[in-house]
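Take a look at the structures below.
Okay, so chain A shows up in both of these, paired with chain B first and chain C after.
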Partner chain A sequence: MTRRVDLLIVGAGPAGMSAAVAARQYGLDVLVVDEQPVPGGQIWRNIEAVCGTPREKILGKAYSEGLWTVRRFRASGAAYEPATQVWQIEPGPRVLMTRDKIASSVEAGAVLLATGAQERPAPFPGWTLPGVMTVGAAQIVIKTAGQIPDEPVWIAGSGPLPLLYAVQLLKAGGRIAGYLDTTQKGRWMSALPRFATAAAGAPLDMLKGILWLATLRRRVRYISNVSEIEAIGDNAMERLRYVTASGKSETVYARLLLVHEGLVPTIHPTLALGCTHQWNSDQDSYAADLDCWGETSQNGVFVAGDGAGIGGAKAACLRGEIAATGIALKAGVIDDQQAARLARPLRARLARALSARPFLDSLYRPRRSIFVPSDETVACRCEEVNVAGVRAEAARAGRPGPNQIKAFTRAGMGPCQGRQCNYTVANILADAEGRETPDVGLYRVRPPFKPLTLRELATLDSRDAG
Partner chain B sequence: MFKKIHDPSPNSVTVHVDGMPVCAEPGENAATVLLRQAELWVRTTPVSEKRRAPYCMMGVCFDCLALVDGALVQTCLAPVRDGMTIERQLGRRSVAS
Partner chain C sequence: MTMSKTDVVVIGGGLHGLSAALHLARAGKAVSILERSWVGRHASGATAAGVRTLNRHLAEVPISLEAMDMWHNIESIVGDHCGFHAHGQINVAEFESHLPVLQKRVSTMQAAGYDHEELIDRDELLRLVPTISPHVTAALIARGDGAADPHRTIAAFRRAAEAAGVAIIEGARVTAIERDRGDDWTIRTEVGTYAAPVVINVAGAWAADIAAMAGDDIPLGHKASMMIVTERIAPLLKPVVSVVGRPLSFKQSDQGTLVIGGGLQGKADIPAQKSFVDFNELAKGARAATDLFPCVGPLRIVRSWAGMEAKTEDYLPVIGVSPNVDGIYHVFGFSGHGFQLVPVVGAIMADLIVRGSTGRKIEAFAPSRLMEQRHVA
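Entry: the complex of A and B
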């Protein structure tokens, strides 16, 4: 069955929900699909169930504030289909998805991809061992299940998220064995010129960050300038080795290590659709090329939220509203002048919401070994291809690109479809071939970009397949 | 490896992990249940048969793949329900089963 809507939104996080509310106010017929069973995205995950419980206090105000957006979304009149996996988007635009083992297609006047971000793949020796998880994963576990590590945990990383999680964990009664700050030595000096803009635009957020840092330095073992980490163990992590920039090395007992090296926009859907992308050198990642309304190079396909570049929840909500305005303009509901007038205050607020970003991007720029790890490190988790394996093929004549490396080594061919190794392979090739990463590019993304069974595929009507 | 910070919910459900009944709460997913088990792993890999555990918890790493009611799925995207069976996936899957 092919359905038709004015606007299909993929993702019910800050951007998707805000866009849905705005688009409904413009009178558009809106369908929102999302992978999760409840709205909120990753940042406000499970918020309706958590609000009013002691967990709300642990997670903090920036989390509970999301309830307002979720309630407005619920009341907006947008159709909402949770637990849905989108696995292909085609020009038209037409979106193919699976829900409850049934595949269907939706033709939409416009599609808004509000698919957010993922944590940057941060390979190091031993990162595939049970006991190594991302900080974001551990935070999701508090939000969805009210669970914390049952023994002192090690945290290694750089950025606001590990600071926030560590403080939340202490509030929840958890224990931290040690905090390994992998922010590179000298980054504070590089970021300093951007501090004034950040402090002026987002003074409360900056103050919050400084307080988190002060709390951790006072209450847990805090080790700065960590340049190298390794998880050691056989069936699971048993020990953690770390090295600091000054050459100090220590191996400690550790069964759980949480890591984080920033976020990168979700680009699988726009890559699959063949949208043009732009390299963002401040965030060491790609994002789809967008016009001032968030429209990609594919007619009628828009992107809002962290998928458009990492900016956080406030910026995501505003980008969602701006995209909805652009979509209403394109649908002929409002004219150019009205759209420009409606968007002006949103754009001003967006600029303010993004004011701390240049400072954060500069301060928390990951160390080089995150991009080009040591030879023994696993690059592709699914197919277990290590960095040396990729390098060996890169040495072939003809400067192979990511797609050749995929064919030669199977890196990127596993179930995650390159979500965890695309940047690593591109960076290794750039390093080995004396090129820049954006010159190397990423794997070609092929449908279906989320797995589905043949049985599910067969539930599509023949008319859908056309 | 993980523990609940709140008292058990009065409306808990029962799921089976490799045949053993365990308590779970509505709203959580199969991966968070697996993270509470004594042994931290959800599958062995098809390539080297090494153990893996949930890594990203948001549907992008596919390391939490296991059999839920007989189908290989991302357990972090599988909300629990009463009577659900969760089995660790061992190595490569065979087609004929």
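Entry: the complex of A and C
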């Protein structure tokens, strides 16, 4: 049986929950589905269980603040189905999903994708070795299980998240063998003109960042201007080699390396839907083209949160509320004037919440080798295709695009469906063919946009058609 | 823009276009392929790449058998094995009630003098495919059949064609086909103009548009056959398995992924060159796959797609010269089963164009049969 709701929200993080609360206030019938077993998204993951335990202090105030949003969401009257995987959205919109190994579909007046961000794939030699993981994944382990690595870790990366994680790890009693700051030399000077706006708009956040940095520089071995890293080992990482901008190279013992090079919006669902996308040159990534309410080029499909562009939890909540207002307008619950009036203060707050972004985007712009790694680096980890393999095919006549590279090399054909190598292949092609990355384009996303099993698909009732 | 003069212009850089160009170039012709996007973009890149004589229409059997001999020697033709393995194709009867379908087919084939399809019992079937569900009863098998790797095949035919001197122009959408003052056709594209006395229309799902440009009105439908590819698993089966009465074609690729098709139809917007997977339909394929091979239920589907291909009223291809206009040849409408015929149809085109006739049996594929039908209607 196909169910019908006014609004289906995919994702129960800051944007999804805030949108649900607002949409319920507009009287819409709302269903929120989420992959996780409990609400909170990645940033506030497992917050209901953690609050009131010692872990809350370790994770900090920005984490605890999420509880208020989760409680409002729980009380909103929105239907909530956790542990649900959405794997296809068809024009209509009609959403196909799996819960408890049963596939079903929901028709919705509007769909809001509040599916957040993913860590930017940052390939380097050895990045696929066991022992290398992302900072985001390590932080999830603290949030969900309260566990920290039992031996000293190396952290290599750039951006607020590795700083925050490092501080959380120290608070939790963890040990850091070294912090390799991969922020490019000279980025501070480039970012400086944007500092005043950031400091005026988000003074506390900026101060927090400076304090994290000071803490780390005082308490751990902190190496700036790291330009290259390499994980070395046979079956698992055994050593870490790094090179600084001054050319100094060092190889150290390392069993666990956490890396992070910023976040990029989740675009897999909107690519699968055929929405138009826009290149954001400040964040070196794509995001779906959105109107002022967050609606994509596909009628009735909206995006809010980091999926609309990296902005953090506060901006995500506000984008969720703005999208809910636009959806209420589209549903005819409020008129143009009411919508404009309701959105005005939200937009003002959103602008403030995003005021530090230009500074952060400029400061933490990834180094070039993140985009175009060395030849021996694995580009597609699922199919084990290295950069040289992609380059060899790029040298063929006719300036092949990513979809041809996929057919020639199998890069992007594995279970991650190209999430890990999409940008890498596009960047390598752009480099090899003397083009700009946005001109090269991305893989065509073939459905389902999340893997489901044959048995799950077999449960989709043929009467369950739209 | 300059005019490029050549002997033969092939419109469409799919496998049939490549094969025709290859055979013509080897017969001494100067050939240019005009391809709208890139070689193998549509049906050739979306195919399950089954190499099948089993259960073919009787009219196709003679050329299909010859094509099969060519597949068994494919390396000598295109310089690469194309990932071809002849582990057989098997059509399974799940229940006793399906047995008469197979028996009738065998007697039809025997009456026509063919012996490449044979009936096997349950024990033989379980020996050949030990992982199949034991509820099956019997099967039809063509032991010399198999499957190839579509991308590898495209690459091999492309390389061979280029080595034989074929010029492949990608990104060249044909916008007009005009008769010029002499015997030549002028073919206008977005990137240049070409002239040749002979034009082969191998434009797949878009072939009716190309035919119309040259002055032939050929009614054409389309198919949007869907495929599923799973994650890789350890070796599960070698032959290609299909089932009586259900939409399933089931095989394992060299990479270890399962490739599941069977003609389930998605949706297509042919003018927009877009196709869409219909998951409610595709679920039927998943049910057939998990019923026949229960152990594959937990496997993750990595991707699915619908490939666009031309379909004729009688599900037979169009292969031959235009009855209306000189120098126009049509090769399309394979209706979802053209992959296996690729090597032989190229040879047929070389016969027709270089010698003016062919000894191969292609009467049933004459373009006129579809055009006449329209006049009658």
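Everything that follows uses one rule, which is that the second predicted complex is superposed on the first by the 464 of 466 C-alpha atoms of A that agree within 3 Å, B and C clash if a C-alpha of one lies under 4 Å from a C-alpha of the other, contacts with A are read in each partner's own complex, and residues count from 1 in each chain.
FYI, a residue touches a chain if its C-beta (ideal position, glycine included) is under 8 Å from a C-beta of that chain, and two chains touch if they have at least 3 such contacts.
All values derive from a computational prediction rather than experimental measurement.
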Look at A:A49 in the shared chain and tell me whether it touches chain B only, chain C only, both, or neither; answer first, second, both or neither. first
Quick one: name whichever of chain B and chain C touches more residues of chain A. B
Look at A:D306 in the shared chain and tell me whether it touches chain B only, chain C only, both, or neither; answer first, second, both or neither. neither
Tell me which partner A:E384 touches in the superposition: chain B (first), chain C (second), both or neither. first
Touch test for A:Q88: chain B only (first), chain C only (second), both, or neither? second
Considering only the touch criterion stated at the top, classify A:D181 as touching first (chain B), second (chain C), both, or neither. neither
State whether A:L454 touches chain B only (first), chain C only (second), both chains, or neither. second
In the overlaid three-chain picture, which partner chain does A:T144 touch, first (chain B) or second (chain C), both, or neither? first
According to the stated criteria, A:A103 is in contact with first (chain B), second (chain C), both, or neither; which is it? second
For A:E230, select first, second, both or neither according to whether it touches chain B, chain C, the two together, or no partner. neither
Enumerate the residues of chain A that count as touching chain B in its complex and touching chain C in the other. 414-415, 453
Counting only contacts in the complex, chain A reaches chain B at residues 35-38, 42, 46, 49, 53-55, 58, 83, 118-119, 128-134, 136-138, 140-142, 144-151, 172-173, 235-236, 255-256, 381-384, 414-416, 419-420, 453
Listed in rising order, the residues of chain A that touch chain C in the complex are 88, 90, 96, 103, 274, 398, 400-401, 404, 407-408, 410, 413-415, 417, 446-448, 451-455, 457-462, 464-465
Chain A touches which residues of chain B in the complex? 1-6, 25, 27-29, 32, 35-36, 40-41, 45, 47-48, 50-63, 65, 71, 76-77, 79
Looking at the complex, which residues from chain C come into contact with chain A? 38, 40, 45, 151, 154-155, 170-171, 228-231, 255, 260, 274, 276-277, 279-284, 286-287, 289-290, 296-305
